[in-house]
Amino acid sequence: MSGSTFGNRFTVTTWGESHGKALGAVVDGCPAGLPLCEEDIQRLLDRRKPGRSRFATARKEGDEIEILSGVFEGRTTGTPISMMIRNTDQRSGDYGNIAYSYRPGHADYTFDQKYGFRDYRGGGRSSARETAARVAAGAIAEKILETLGIRFCAYTRSIGPVSMETFCPEEILRNSFYMPDKEAAERAGAYLENCMKHQDSAGGVIECRITGVPAGLGEPVFRKLDALLAQAVMSVGAVKAVEIGDGAAVAGMKGSEDNDGFSSENGKITKTSNHAGGIMGGISDGSEILVRASVKPTPSISRPQNTVTSSGEPISLEIHGRHDPVVVPRAVVVVEAMCALVLTDALFLNMTSRMDGIVEFYKKREGSET
Amino acid sequence: MSGSTFGNRFTVTTWGESHGKALGAVVDGCPAGLPLCEEDIQRLLDRRKPGRSRFATARKEGDEIEILSGVFEGRTTGTPISMMIRNTDQRSGDYGNIAYSYRPGHADYTFDQKYGFRDYRGGGRSSARETAARVAAGAIAEKILETLGIRFCAYTRSIGPVSMETFCPEEILRNSFYMPDKEAAERAGAYLENCMKHQDSAGGVIECRITGVPAGLGEPVFRKLDALLAQAVMSVGAVKAVEIGDGAAVAGMKGSEDNDGFSSENGKITKTSNHAGGIMGGISDGSEILVRASVKPTPSISRPQNTVTSSGEPISLEIHGRHDPVVVPRAVVVVEAMCALVLTDALFLNMTSRMDGIVEFYKKREGSET
Amino acid sequence: MSGSTFGNRFTVTTWGESHGKALGAVVDGCPAGLPLCEEDIQRLLDRRKPGRSRFATARKEGDEIEILSGVFEGRTTGTPISMMIRNTDQRSGDYGNIAYSYRPGHADYTFDQKYGFRDYRGGGRSSARETAARVAAGAIAEKILETLGIRFCAYTRSIGPVSMETFCPEEILRNSFYMPDKEAAERAGAYLENCMKHQDSAGGVIECRITGVPAGLGEPVFRKLDALLAQAVMSVGAVKAVEIGDGAAVAGMKGSEDNDGFSSENGKITKTSNHAGGIMGGISDGSEILVRASVKPTPSISRPQNTVTSSGEPISLEIHGRHDPVVVPRAVVVVEAMCALVLTDALFLNMTSRMDGIVEFYKKREGSET
Amino acid sequence: MSGSTFGNRFTVTTWGESHGKALGAVVDGCPAGLPLCEEDIQRLLDRRKPGRSRFATARKEGDEIEILSGVFEGRTTGTPISMMIRNTDQRSGDYGNIAYSYRPGHADYTFDQKYGFRDYRGGGRSSARETAARVAAGAIAEKILETLGIRFCAYTRSIGPVSMETFCPEEILRNSFYMPDKEAAERAGAYLENCMKHQDSAGGVIECRITGVPAGLGEPVFRKLDALLAQAVMSVGAVKAVEIGDGAAVAGMKGSEDNDGFSSENGKITKTSNHAGGIMGGISDGSEILVRASVKPTPSISRPQNTVTSSGEPISLEIHGRHDPVVVPRAVVVVEAMCALVLTDALFLNMTSRMDGIVEFYKKREGSET
């Protein structure tokens, strides 16, 4: 499978460059009969839109989604859903001065090494703008999962050294950082002001919690649920670490601390703790799934940086233009979307895990035909 | 693709349960003409063998590899290489008392939920023993990579709170923890003694450094090199976090600190730092690749733990038998093997990135036929 | 992998319904550096256009292709190439009367059974119009293959009982049936006139010859070159039989007749006959590849046919509107495009068949970087 | 995906050479809870065994299957099922004289071209012996399908010019050609006697009928049911043509003849004819599926044939040893097995075609847990 397609049964193929004509996604394997309209997708897309605050690029990305196929009379038909976003605000001139230089922290050098040349306009395919297509696909996935009672809660855990201290879910959509802690958000704002004053940028941590996931999702041994979540989230541009549940902290724990025991009430078995983050042996255990992503600081900063041109000549590069001093808030919905893609696929794959489930499924269908 | 197959061009399919007749791997897509014998594979397998020290299970796993196909007159033929390890030491009786209980920290519950029942002998398919098949496949991958000058150095960075302080590569194979710091290894030993005395277990951190990787490996956007490394490493049983380069630390860094600049000498462009861990935009940049995995403490501990049986009755479970108090040292070679599988596949996929490379390849081949 | 994606390294994902907003294809895995413009694709697309003669539907399908991504400054960038054709002539009213009936010979019934309902406008996803997207992708594949001297010659072998008797390649593009025999084309025209007079339709046979294919393409055992050609060609709507080389005739031959021997001249080994159609053991042998497809008569005929509505009521259905009495001529370029997709993929996959080829490839690349 | 793996959800990976240590298959994606033992598989394997008559090679292939994993207490566990057949009768000396020649009609030349050298013992990986592993996997697939009432009937339709004239299913297993026509089988025997007398060989036609298939299987547009059947059957060594339903004959038919109409009885909709062979638009329509394969004559014949050595020197080659004068009867069960693999996979993939089916599936499962 090529690099622009993700998933096995519920697949998404993304395409498009930052400053090309358009970008988009083709979702294949969406079941028929799901109510779907452009607004369903636009809602999620708007969460990664820039321009919500002074800490996001001033570029006006319309990000207006158009559904081109796969939906008929308001419902999905089971055939591929093609979605497109036209690029409207393409001030290419902004980027002309970096066409032949290797920006520190960017993919310019590696794209040149791999492909021999590159579309240098705005990062081309390696631009964060590519993630808009992922979010569009993720919106469909979330709609499927919602039908089954699976819910997502993604937010910014920290920006630079400023970490949330309380968890108030209602607060998430109220501040421009998507932090569940109002005061932390204010401190993060002050921190970013300072970064910008020094022509610098910041990173941070994103968390995604998923509830209502049935036990049993994930395919041992290479397509474990946590392994695919790790691939999905690490494939988001600036992510450099992925953790599940207690994550890196488990390395310092003892077995007696880390082990999640079981108890039962009225015949229903549940875990007594959730250090594992909802996944045991690569399979969902029915408790909340917790995924954490560490995001690096925006590489585009306006202070002079030493680097070279593509022909090897040293230059001092100042990157001007419209750049967020932190990408974390806009990446929150991207991480959520990627997790939704993984879960939808896992949900579908799991339907053939047992012979009895298959037999019942087809007996029922046969019955409904008569 | 099913869950037991990994890779696109260089694929491995593993099979087998801890206490079944045998376990093995089928490697498909190995190029023809690679010198290969069982000793090449045994060497790597021996590094995950138990019994090297008093901190590893006393179980005698022969782990003797047999190549069943794909090699003729000492060289690979380009056809699937099937490898098998017979299970010789299967004292099933050891595990009888946990057949109907859900061990804390294990996959018993989730396997039951997914499949309706499970092979409870020694963890069945979810046993760490499955990783022997990965190591066998990884040994072939490493042999291919070596031919191209790509080298691996994997080791234990920490066990519990004991972290390495010096990095002496020669030391790695000299102590039973595969730590590159002799004194840290001694302190780790003391720490584990204490864990065992309290019927407890420890986790730790594994690192894998890979040198000699050509720039250009990795397929944007979902099959980025770091994304596949994350999937590969997170798919190893007890791993709960995967980091690339500076990893989770980037969240607290500023752009001016994290950005790797470029310089050139004699026309050759190199990076002036390597916070990125050798991967930019999901593509290798020619510098050292650094992967880090956080491993949870062994869940099997002999102190009594509260849990339930499969029918929901509460019990106090004591897990006796042969269990490592820490799996980190034995998992070092597994992480290395998984990284080797990812890199080999990426190396193969990258051969079609440019039109000129393809044309030259076939012109050369045509010439050699005449 | 989902059903709308084809190929492993050079993949195409198609989307779109007959009477939706648009249809298109995303090609992923196209190497960087291939000169490509819309005209390259339009040329092939025009060969499947209706309206070339009185035997093709009068519907004006503009079929104007737009490249949306993956090409920069006239060359492919190695990133996904998204192509779109807007549907301009969508007289949906034409099809209204068959919205709730199961047309004989069509996919109406099976789509309803699979998906619960269907986009009934013009056949929706099962319309032959979907093949336009395949042709667009095939045009890119052919451009790659041309660079390596691989050439396609596809044509109509027969229409109904009228079969070609001479093979004059220049004639193919001169008549509206793409037959390499002028007189046969005239007889086919007369035969079709008669079919139309009786409100009936005809089938036929398409052949595709491919020259310049290097020996060695095809991956044993399930992805043999002939196996993938069979899948590719059988996936074209109306095809009911696929043959390679002598095809079905081999069943009646003796070994001494069917076997292709070898001879050599100036050290170059060639076959003395080509009953195998250029493929031995699933691998190309360097001689001409011959693929043959039998195409069923157009199912849409205007004479009354007995069938049922979706609720099971018997009706007599007359299908009016714009329908070709034979789809064979327009399907010629579709078969050619599908063969081009298979060969491009096989060409790429074959690059890792030998260790020495891989080593040379990377040594050369390393050298070119310095 | 590599060439030795077939299927998406129900996958089989085969390995092994004709004269290597062993050959085998790994089936991944088999649901848990299917009763399975070695006898289930052996029964099908025995149908491709040589030695049933004087027209099959005298070589004693034990073909004794061993299940190595994935079955516990008589039922499948949902984990990979590894199966192995040891090669016991490996008189390698028989083949020594053809180690460096290119046998007409064989894959010797193409394997050398692809891989640089080959395992020349008995055809290595290109030997028909590889198909034993497919049959083993197919036996599991058939067992799954049987549970759902899907039945296979495969047989020899013709050998050389001798075609069946009556269809008596009970007769199939009574004669050594698996022909459903006793008299035709006798004439086929006489024909083969004559072939052998002239040191020659014969081809033939195999048909496979599949009943009980629910409507809705097959994934448009590239993974149509007929497209995958074509790939599956064409991937069997000597097959040169694949047809569905009326197959190649449709090219000469008129729409009014070929179209299958619909009727209904008691609300159940059925087709009034089955020219399509049970597949419309690439999706099963609930009627009998008919697949036909044309098989070439055995290329190994003992009369002298002109060919060359691998260094290009002309030689006259006489192939002695144990070779069937016709492979058709032994290939019958292979075609059946391949069809079973395709149908099982299609059955699994189809379970996510509709939103309501998915919702009901998970609601039911949730209910059963409480």
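First chain written, first letter: the chains are A, B, C and D, and each begins at residue 1.
Rule of thumb we're sticking to: contacts are C-beta pairs under 8 Å (C-beta built on N, C-alpha and C of every residue); 3 or more make two chains touch, one makes a residue touch a chain.
This one's a predicted model, so the numbers in the text were calculated from it and none came from an experiment.
A.B. asks: Shared interface numbers for chain A and chain D above half of all numbers used, same, or below, different?
C.D. replies: same
A.B. asks: Count the C-beta contact pairs for B-D and for A-B, then tell me which is higher.
C.D. replies: Contact tally favours A-B.
A.B. asks: At what distance in angstrom does the C-alpha mean of chain B lie from that of chain A?
C.D. replies: 26
A.B. asks: Roughly how far is chain A from chain D, centre to centre by C-alpha average, rounded to an integer in Å?
C.D. replies: Spacing between the chain centres: roughly 43 Å.
A.B. asks: Go ahead and note the Å separation of the Cα centroids belonging to chain B and chain D.
C.D. replies: The mean C-alpha positions of chain B and chain D differ by 37 Å.
A.B. asks: Considering chain A alone, which of its residues make contact with at least two other chains?
C.D. replies: In chain A, 1-5, 8-10, 14, 29, 32-33, 78-79, 113-116, 125, 215-216, 220, 267-268, 349, 353-354, 356, 369 touch at least two other chains.
A.B. asks: Any idea which chain A residues touch chain C in the complex?
C.D. replies: Checking each residue of chain A against chain C gives 1-5, 7-11, 13-17, 20-24, 26, 28-29, 32-33, 66-70, 72, 75, 77-82, 84, 113-119, 121, 124-125, 369.
A.B. asks: Would you tell me which residues of chain C are touching chain B in their complex?
C.D. replies: 1, 8-10, 29, 31-34, 76, 78-79, 144, 147-148, 214-216, 220, 267-268, 347-349, 351-362, 364-366, 369-370
A.B. asks: Give every residue of chain D touching chain C within the complex, in rising order.
C.D. replies: Listed in rising order, the residues of chain D that touch chain C are 1-6, 8, 14, 102, 104-107, 109-111, 113-116, 125-126, 130, 158, 160-161, 195, 200-205, 215-224, 226-235, 237, 240-264, 267-269, 272, 276-277, 279-286, 294-301, 303, 305-308, 312-314, 349-350, 353-354, 356.
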